[in-house]
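These notes concern the structure reproduced below.
Residue numbering begins at 1 within each chain, and the chains themselves are lettered A, B, C, D, E and F in the order written.
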Amino acid sequence: MSTVTLVEYEDASPEVIAVYDDIRAVRNTDYINNFWKALAQHPDTLKRVWSSLKAVMAEGEIDALTKEMIYIAVSVANNCDYCIHSHTASAFSKGMTSGQYEELMAVIGMAHQTNGIGSGLKVPVDECYLK
Amino acid sequence: MSTVTLVEYEDASPEVIAVYDDIRAVRNTDYINNFWKALAQHPDTLKRVWSSLKAVMAEGEIDALTKEMIYIAVSVANNCDYCIHSHTASAFSKGMTSGQYEELMAVIGMAHQTNGIGSGLKVPVDECYLK
Amino acid sequence: MSTVTLVEYEDASPEVIAVYDDIRAVRNTDYINNFWKALAQHPDTLKRVWSSLKAVMAEGEIDALTKEMIYIAVSVANNCDYCIHSHTASAFSKGMTSGQYEELMAVIGMAHQTNGIGSGLKVPVDECYLK
Amino acid sequence: MSTVTLVEYEDASPEVIAVYDDIRAVRNTDYINNFWKALAQHPDTLKRVWSSLKAVMAEGEIDALTKEMIYIAVSVANNCDYCIHSHTASAFSKGMTSGQYEELMAVIGMAHQTNGIGSGLKVPVDECYLK
Amino acid sequence: MSTVTLVEYEDASPEVIAVYDDIRAVRNTDYINNFWKALAQHPDTLKRVWSSLKAVMAEGEIDALTKEMIYIAVSVANNCDYCIHSHTASAFSKGMTSGQYEELMAVIGMAHQTNGIGSGLKVPVDECYLK
Amino acid sequence: MSTVTLVEYEDASPEVIAVYDDIRAVRNTDYINNFWKALAQHPDTLKRVWSSLKAVMAEGEIDALTKEMIYIAVSVANNCDYCIHSHTASAFSKGMTSGQYEELMAVIGMAHQTNGIGSGLKVPVDECYLK
């Protein structure tokens, strides 16, 4: 009872199917990944989270691939195993090169390091950054 | 004794000055921000961290502004107040628009949300992501 | 040598058995979960942590099920896989409904999102909250 | 340019005012806290986050005060200073007693402790929790 | 109402005074730092947390200064501003040298970096570490 | 494409072999652990991270075993599964006793607890810690 149930398309209620169909249309693929199948146990949450994600991750002033790299950065810092896997796959599918992936990991590692040192040394924020 | 001392250029040792001069040259500004002044109490660490940061944050297959946005994303997730301030300032100075900033915050917020839900529901990683 | 050893009841020392018996009595079950079996390698820690947990998680002004939901919320944010699993099981065993579980996950996700945005935007705390 | 601007009601655009008015109506108070004033620079994000928060935090199978306590738990673990302050104030305004607050802090502290030990010892998840 | 009240020695109840006196005796100083004064609003929590901390931080197979450095490391990673300040002060009072402090910060920064990269790349744990 | 590739010694380029040989020499073992094999896909990152780690983790004013324990503390707080495993193995190989390991886990757990409570109660930093 305590583990997640994945709702397959075949077993889904009409309101879940409506979201699944929208995911398929927006992403131009039949594949529904496990995150949504897990959320489908909670149709209201599924609808709300998907509609937010669709709006946020759409091509905008920041391009879609960059958004995926930012998503990976957050997910690594929060150490969400599922999200690291899914958004890394997504970034590669959107054209992330091997060189970009290396640089992404390097920036993430570097930021972690200075985050630790900055917090550890309790560096005061520069006046000019507070204006 | 327990709070950080900021080493000003005028008081710095030759090895610290060498790093400060490199920071100024690379960034094309006389301004040395507090992070480096705090690290300057520890010259070996200063040199090591600066040389790594310089290499990692240089324009590459990922452009310099995108790297700053990724840096902000990590710093927000790790909640390093200093790094959020300094890299937000840096991103704006490299041309981040107001619209990009809004989208950056939206992606960061969205990633946090699904990180929480993904970890909370213990969603199993899709087989296809493990290949 | 680097992995954890689980101390079974049959192999436990008298001081560990005393704790195990108390766990069984308090929880009204013979089952001892792995967390305690792992701690049992360190009997002083076992006794200290169990006696604290027993005091903290007892029915009080906050009921026992609500305490489990709060425990899950912290464990998700800290991403402790073991604790998420064990306290989710515990919450269900104490009567958490499917609807409460959905709402719990939704609140956790929402809090993560605004935590990220609040830290990212560096929103100043309202004066009225500081009184 | 790098710090947040708070949009006051008097200076807000019509779409921001519509959200502000809804916040006032739902919360039955004229007070708009800084989080929303900061988000108001980004009207789309303001609308999206507020409509999600309104849905998630409404009285449901989990009562509104308990939801605030869960929110605090996540915010403490993520160490979002703003969110800790605002949701602690909110919980007190919804009737959290001094005794509940003590127990909330005790549960949060306890969960942090076992999160650390559980991750540190790499305790394997019990088979029965995976069914 | 939402901010913390610090209970001064003069205003403390007998059970709080008993803890304060023990803190003074164990630490060989009259100074009671704010953490305990804040906890004193919750006497049961005060007693429980202090008795645990006293046991855990006592000289043992790990010396007291090393324990402080470990405490700092955790506090930096969790970004607890109060704990970073208090335990850094404590470590210096127990004899931490400037050189040790530099190395502590360097190790903390390094660990953060490889934590980020290790999680980001999803490096599989070596078989030999799982035996 | 989205999972990590481990570069074995036999398949490594000359610049990767140079790092591998240095790892073997410094650690006095033929074993190259997976972290470095994963980084080897990114030779520049491999070189940079290894040279930093070698400098930081060398015996200094803090001895090498203590540095490993500090590393574990950070890794537990950041919940990096790989780093917890590898540095726990490393600490044991450098002579960490069972008693030290117990105390390390106890300190880590204790720090997590007071980190949570300190942040939750928003305890103000003592004036004397800010001097």
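By our rule, a contact is a pair of C-beta atoms (placed from the backbone, for glycine too) under 8 Å apart; a residue touches a chain by one contact, two chains touch by 3 or more.
Predicted model only: the values in this text are computed from it and were never measured.
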{"item": "Chains contacting each of chain E and chain F, listed by label", "value": "A, B, C, D"}
{"item": "Farthest-lying chain, centroid of Cα atoms versus that of chain F", "value": "D"}
{"item": "Interface residue identity across copies chain A, chain F - same or different by half", "value": "different"}
{"item": "Separation of mean Cα positions, chain E and chain D [Å, integer]", "value": "27"}
{"item": "Chain centre separation (chain A, chain D; CA means) in Å", "value": "21"}
{"item": "Where chain A and chain E are represented by their mean Cα positions, the distance between them in whole Å", "value": "34"}
{"item": "Junction residues of chain D - those touching two or more other chains", "value": "1-3, 44-45, 48-49, 52, 56, 74, 76-81, 85, 88-89, 104-106, 108-117, 119, 121-122, 129-130"}
{"item": "Graph class of chain-chain contacts, one of line, ring, star, complete, other", "value": "complete"}
{"item": "Touch list for chain E against partner chain B, complex", "value": "79, 85, 88-89, 92, 98, 102, 105-106, 109, 112, 116"}
{"item": "Of chain C, residues touching chain F in the complex", "value": "1-2, 41-42, 44-45, 48-49, 74, 78-80"}
{"item": "Complex contacts: residues of chain E adjacent to chain C", "value": "1-3, 44, 48, 52, 55-56, 129-131"}
{"item": "In the complex with chain A, residue positions of chain B that touch it", "value": "3-4, 6, 31, 33-35, 38-39, 45, 49, 52-53, 56-57, 60-62, 66-67, 69-71, 73-78, 80-83, 85-86, 88-89, 97, 99-100, 103-104, 106-119, 121-126, 128-130"}
{"item": "Residue ranges of chain B touching chain C (in the complex, touch as defined)", "value": "72, 76-77, 79, 81, 84-85, 88, 104-105, 108-117, 119-122"}
